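Lettered A, B, C and D in written order, each chain numbered from 1.
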Amino acid sequence: MNIRYFAWVRERVGLEEETIEVPASVKTVADLIGHLKSLDENHAAAFEEEDAIRVALDQLHVEVDAELGNAREAAFFPPMTGG
Amino acid sequence: MNIRYFAWVRERVGLEEETIEVPASVKTVADLIGHLKSLDENHAAAFEEEDAIRVALDQLHVEVDAELGNAREAAFFPPMTGG
Amino acid sequence: MKVTPVVRVQSEDFDVQLESRALAEGRKDVGALVTFTGLCRDEAGTLSALELEHYPGMAEAELTRIAEQAVQRWPLTGLTVVHRFGKIPPGENIVLVVSASAHRRAAFEAADFLMDYLKTRAPFWKKEHLVDGDSGSWVEAKSGDEDDAARWSS
Amino acid sequence: MKVTPVVRVQSEDFDVQLESRALAEGRKDVGALVTFTGLCRDEAGTLSALELEHYPGMAEAELTRIAEQAVQRWPLTGLTVVHRFGKIPPGENIVLVVSASAHRRAAFEAADFLMDYLKTRAPFWKKEHLVDGDSGSWVEAKSGDEDDAARWSS
């Protein structure tokens, strides 16, 4: 699965984008966050304030309880500040 | 006193502007309307629908119970439709 | 720093870009600029022009009073109101409001307020000229306009 | 007749006049044209630039979803949204919304709605670059922005 990071989430992870193998046990966005946090210290630090992070699956906003389903891309970012 | 008329009030009176002597008994805008109605048929027709007429004294919106005081100009017109 | 609104009543057209620039150019404290342009519609092809009558002197004075209220009520960095009079064909501009502020809500609300108040209080009257040659009737004030204006006094 | 919103995400500046004309010129059914321009402020001289990061693809998609909602909700004759990305110095444009309608309330509300939704839903993030050379912090979302957006779901 393709994972993208933006703004301070990107800075903390240290990556703009990565492709990961999703374990079969990972069904929801919350599961995916748990998995990403286990990867290394940077990921753990990035997802420390979980409540401050927003998620999109295939470029659509979703909540953390959303099923990953057949999504090909997940993106993690802080609350938006455009406009 | 200088009296001005706008829009359909002007068309019914047949005058843009006129200067009249205000009788001592005329104290308020309502009194003035009564006096104007007595002048001729055109004035009477213009003020027939009294509720539909708005008034300004010296270029400030007022209600019909306003005192004329030292006002030099009264204007009568329909509800405004600018913008 | 007190903002002095720019108010003009004129027969000639206005330039939205020019009026916007006057409020924003060379400044770094403007975060939001709202323009409202009111245009003459042809009412599905029936209207050949609107004729805007106004009360010279009071039109400027009343627009200034409304604009001063907006400046008191919202933290604006600039406010411009231009209203045309005379015969205006469909597709042409009638009225312009430009409001500038550090913040978007103030700019939006001030422009919205100004248009609502202007509609019910500024001494302008519209007469319709029809395509079939009739000089049609005077446009009637809408009760909805009074309701819109009343939103701001609650 | 269904209106198709114009949505663009770009690094280059936009021309408010050009975008306004595209919605009004040659038409006689537009009675109200509202433009909202969001500009970069210098925060009392402390800010040298804002850096706008965006999620390419999703930014366009999300702005289009918001614009389609506005078109469903209000009787618009046209709607345009342009959002810039990259480094933007104080005084320069960031975002533009232009809404056109027969009636002023629809044009005002659609532009206002679009800005509120855009602020909380379009994937853009601002980082401050400071005059003293620091690349400052990421701008934090304001709870007021969520409140503004919530006004439209009541």
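We adopt the following convention: contacts are C-beta pairs under 8 Å (C-beta built on N, C-alpha and C of every residue); 3 or more make two chains touch, one makes a residue touch a chain.
Computed from a predicted model, the values in this text were never measured in an experiment.
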Contact clusters after notional removal of subunit D: A | B, C
Whole-Å gap between the CA centroids of subunit B and subunit D: 48
Approximate Å spacing (C-alpha centroids) for the pair subunit B, subunit C: 26
Length of the line joining the C-alpha centres of subunit A and subunit B, rounded to whole Å: 72
Interface hub residues of subunit B, defined as touching at least two other chains: 83
Subunit C, residues touching no fewer than two other chains: 38, 104, 115
Listing of all chain pairs that touch each other, if any do: A-D, B-C, C-D
Residues of subunit D that touch subunit A when the two form their complex: 38, 52-55, 57-58, 61-62, 83, 94-95, 115, 118-127, 138-141
Complex interface listing, subunit B residues touching subunit C: 4, 6-8, 56, 59-61, 75, 77-83
Residue ranges of subunit C touching subunit D (in the complex, touch as defined): 16-17, 20, 24, 26-42, 44-45, 90-91, 102, 104-105, 107-108, 111-112, 115, 148
